[in-house]
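Structures are listed in the sections that come next.
Shared between the two complexes below is chain A, which pairs with chain B and chain C, respectively.
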Partner chain A sequence: MNRRSLFANFMSDKPVEGNPSFKPHPASKGAKRFTNALLRTHEDKEVRFYDDLIKGRQAIINMMYANCEGACPLITSTLVKVHKHYKERMGKDLFMYSITLKPEQDDPAALKKFATMHGAVNLPGWTFLTGDAFDIKTIRFKLFRINHVNFDLDLDFHASKLRIVNDATNVYTHANPYTSMFTILQHISWADPPKPYDEQLKENIEIQKRIDREVKVYGYRKTT
Partner chain B sequence: MKRRMFFFSLISLCMAAPVTAFDQKGCESDGEPHRYFLVLASQRGAFYDKTGPAFPMLIRLDGERTQIEAVGTYSFRGNRKFGTVPEESYREFMKEPSAASNVMLRLEITSSQYERGLKVLREWDRRAKEGALLYRKAPMNTLLLVKEVTESLNQCGEKEIRLYKLDWSLEDTLSDEIPPAQVPFLFFREMRRLNESLHVRDDKFQEYRNAAARQAKQ
Partner chain C sequence: MSKKRKKTGKESPGVTRRDMLKIGAAASVMGPTMLTSWKSYAQTSVAEPIICDVEPENSPPHTPFRDNLPIPSPAIPVLLNPAPTKNANTSKGEAPRAPHQRWEQFLPDVQYYQEARPATQRFHSDFLPSYFWGFNGKYPSETPLNFYGSPTIVRFRNKLPLVHNNGGRNEITIHLHNGHTASESDGFAGDFFGPGFFKDNHYANAYAGIDAFGGIGNQLEAMHTFWFHDHRARWTAPNNYLGLNGMYIVYDNIDTPFDFLAPSSSLRLPSFYGITDIPLILTDKIFCATDTARGRTEMFQEREDPEIGSAPGGDKWVVNGKIQPKHAVRRRKYRFRILNTGPAKEWNLMLVDSNGVQKPWTVVAVDANFLNTPWQPTGNLRIPVASRYDIIIDFSQFAVGTSVYLRENAAQFVSVGAAPISAGLPVENVLMRFDIIGNTIIPDTPPIPSTLVQLPTLTPPDAFFEWRFQRPTTPGLTTCAGQNQINGLAFDENRVDHAVLKGSTEEWTLTNDICTNNWTHPVHIHFEEGRVLSRSIRLNPTTQPDVRTPVALLPDEATNNARRDVYRLAGQERITIRLQFRDFVGRYLIHCHNMGHEDDFMMVRWDIVDSIAELNHKRRQIAEQRRAAGLSVEDGLPTYQRKDSAS
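Moving on, here comes the complex of A and B:
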């Protein structure tokens, strides 16, 4: 009976404890990679960074601060567009996290004000986060460092990057928020969970048809 | 009786006045009778890549006991480790090294400089213990730690200690051209060259220790 149940558990797709519907990839380094710091959302709720926000999920993460007059408003407006594009998936299997670079200044109320100002409040799956300065610095370096001390100490440098992670597939990539929307969406799609085989096959047939049509009309392939 | 009380309150008012002048957080001097030192210590040729231990060490002499805190890269069974430096590793840097492969700078600092440095060391100690180090490689963590500790020295306008700026600019020939693991040793050597006149030599340091011990006995 024990052996049978052991085998059954091994074979089953039993959800992990804590997040019933989000299962991390077996090779995911989990909280060791992302930290499990206690953070506060713009709704003033306590969350654990890995357990509640990253574990088994696909997420787009950026860093900002409320009184930023440079990159942050621009990037937030880009993210509003990204959110619009993915509105069917947002809050279900895709999430967005905007973490403050200045936790000493940005309390949940300041973050909520910033989100409201940029039309990003109450959008499903998008959370603004603050926390202890020690934890925020750790998360900043774990997600955005480029292994150059001087650049890594520059807060604005870290504000101009989007980190895309999918803990369910163990994919870790980034996008430049200043590029075209097409490129940003393409980068996000690289971390998408793999589609079923027949769906991929259908898509490939469609792409091939398009390429053939382009070669016929223009003499060369336009589709990338 | 009344005159005596007036006299005492006048004295305490006069003593409190200079303290309130230092309003900036972490800059005020508490006027303690203790002595404080910062030691920048590094060695070359201990590890496979010809680099070695490198750490800042903070010393507080209060007569009865010497309080020492050191965080950085040290050697553990020949391997590079980052964290709180054990006593056997920092003991050899309590005295001026004779070998050219070692470098040591000992500076006398104020209590506020000590507190600021201690805050940096404790944060890195916590990072090492909680697995929250900012870089995966120990030399990068050491580089950032020594940069933070030395930059905290002149944070409140103190000018006596001459700093070498690790800022990857054109003038900074160390950090831009040399592998990160070798930078702390060369940085400490440069700091020693810049602050040779402020370096506290062994005989002077021992004198301070003895004086602190005598003061504690009284």
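Moving on, here comes the complex of A and C:
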């Protein structure tokens, strides 16, 4: 393996095969919730949605399409910032998936072009996905349906949500991409694996020191 | 290992003798370090539920009126160990918090222990047990019965499972709705704590106005029917749906316990808790098909839907933890404290006879505050999420052997073969049944006084501020489906959106500023009660966004001077209220109490500060934040004159 392919492997979306740390939560609904559809990445590789991308991982999922002009570029630029914040974790236990809403138009090349245009290409752990139209629609309904006809049939509505999942801790939540970066990062952190009691206790003691300082200086607690 | 170290009470059917032997063996090898961790945190062992994947169309059928109405037992005071302290006992596992304000002034007389933990219960005798999360494993939770002038500490300990299958979140922060509570005990949405930890909430049980009136404050500010519930940011709806809530009652010398002993100077309303004074805690749930193999009928728990809540509403109506129960009453007056615990359903209730003909009842209190004069509603009594309505029903108007019904406007799915009660009253519209079984044994209370209480005088406002509840469009989208937000911003626990000076009065305008739809927002303001001064509506938001037409106050606001802490804002509606901020400083919340909207962060933080310097600093900060976010700075700052449009 030369240096170049090592680099490519590291940078690519290719999940680490058989990594024992990617263990799903016992209550995870697995492929039943996410489907195990065969998708194609912007690097033109075939992947199974659940087995290769979600299983035992923490992931941020959004839907977009390459020639979308309003929401998608805005959200992609938000996600670039999120990626920067989580640089250390991305591609190791945290992943980002941008799935096209218009698989008929968006082939891997189109997605790669979109990713390049928004500075989202070659970022570890971030994959753009396309696939069979039926499969994509199924994933869209599985992950973003809110049982409201107007919204569920409106492709644009799906472009305006971030789904945050952690298959290892069975957390399934969402954030609105238009809210503050703080709120988005906080929602992602709420899907982090829980900290052990003793570690939290130590943290609490530190937080308490900060609170005491705040109360002394300002008369009341200011931060959480 | 620590998982099995729980005292094996009746709540742990899963622990066998063999397990116990294993535990013994494990404990002996674990050594002292493990011992400290199980002491601080022992996980309960109720088997995790297996919840159906797909939301069921209907819950399993049930027979109406099979079960008796359960009554939440009064909470028993305890002696807490370790003893409660003014400063957070962080090293012993208390969640970090600011020191209790006014601790020396209101040293706690009574201590309660409420442990959030999983348990099972049958919501109907036709159902097998369902998994839920409740305080001390009870649904509904026990009711602490308190007295003004007798401060309490409630220790909330989190014993929720570390790993769980359901849609809830094993971190909690408990809000007493709507106590005049210091910020550190107010259940701020960002102050949640995880399994193993606890937090002491200090409730002074004092009236607002401690500074001005001394002692325990201004008695005209008296509130009586409170409830406590989880307020975890983003997971309030699922955690409340799972059962983390309960009632909290405070008595004083006008609203006393034991009506037959009440002095003639008191209101002498029916008030024998559990006998003539009964909480009716309402919620709606949906259940998966009964799993006889596992012996469970699980509640369906997850739904992603910011409009109606991330916890589902459902086709089963639950009163005090039972579906469509019945309750035996005698021919006398009863007081019912109706509470809507949400997560999203608004109730439209009426008392009817078996022909569906409306029968009178009297509302005496709204959101814990006695009305100036009692109110007999005609038509439905509308109860938004988190509202409490204390009603008096005089059953002496009915003959022994007859039944009356609590009717809801919408219909539910009941069961196969349930006969309608009569043509005028379909059984699926009935929430519960009252059976009149005989004449009264305990003497009836005197007639309801024609004037209940005087209201505190409204002080002139020092400033005016507007809160706009919004759901804007998003780029490229025509539907109003963006982030639920207030004044252009969603909840951020470290960002202050408005600051008020301790002791000041402000006139707040609450505007339902939805772009085109008509979502209703039951708005809740922590800490203080308010009186609605005016209501107006925007008839045409698209073409005439600035034109507002005055509308009538709600009947109880107009004629009975209701004070509230949940203000129902219909689509495009705007109200003005007057609030006074007294006695405590710190971080408080304003939010929509439709828990789905709340979890989508239609909630923001406002602070009470006690110096002008800090107030000005906060306002500068707010201006900067809004400028940075590209929002109008003017909209984030108070004014010193009423805006014309605020009528």
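Quick notes
What we mean here is this: the second predicted complex is superposed on the first by the 204 of 224 C-alpha atoms of A that agree within 3 Å, B and C clash if a C-alpha of one lies under 4 Å from a C-alpha of the other, contacts with A are read in each partner's own complex, and residues count from 1 in each chain.
Here, a residue touches a chain if its C-beta (ideal position, glycine included) is under 8 Å from a C-beta of that chain, and two chains touch if they have at least 3 such contacts.
Given the structure is predicted, the values throughout are model-derived calculations rather than measurements.
When the two complexes are overlaid on their common chain A, residue A:Lys32 makes contact with chain B and with chain C alike.
Using the contact criterion defined above for the overlaid structures, shared-chain residue A:Lys137 touches chain B, although it does not reach chain C. Counting the residues of chain A touched by each of chain B and chain C gives the higher count for C. Touch criterion not met for A:Val80: it reaches neither chain B nor chain C. Looking at the shared chain after the overlay, A:Leu123 reaches neither chain B nor chain C. Using the contact criterion defined above for the overlaid structures, shared-chain residue A:Tyr197 touches chain C, although it does not reach chain B. When both complexes are overlaid on chain A, the residue A:Leu185 reaches neither chain B nor chain C. Residues 32, 145, 147-148, 150 of chain A touch chain B in one complex and chain C in the other. On chain A, the positions that touch chain B within their shared complex are 32, 35, 134-135, 137-138, 141, 145, 147-150, 152-153. Chain B makes touch with chain A in their complex at residues 123, 126-127, 131-132, 134-135, 140, 143-144, 147, 166-168, 175, 180. Chain A contributes residues 25-27, 29, 32-33, 68-71, 74, 144-148, 150-151, 154, 156-157, 159-160, 169-170, 172-174, 176, 178-180, 182-183, 187, 190, 194-195, 197-198, 200-201, 204-205, 207-208, 211-212, 214-215, 218-224 to its touches with chain C in the complex.
The residues of chain C lying in touch with chain A in their complex are 37, 40-41, 48, 53, 87-88, 90-91, 93, 95-99, 162-165, 167, 169-170, 183-184, 188, 190-191, 194-197, 234, 302-307, 474-477, 479, 481-483, 485, 489-495, 585-587, 600-601, 607, 609-611, 614, 629.
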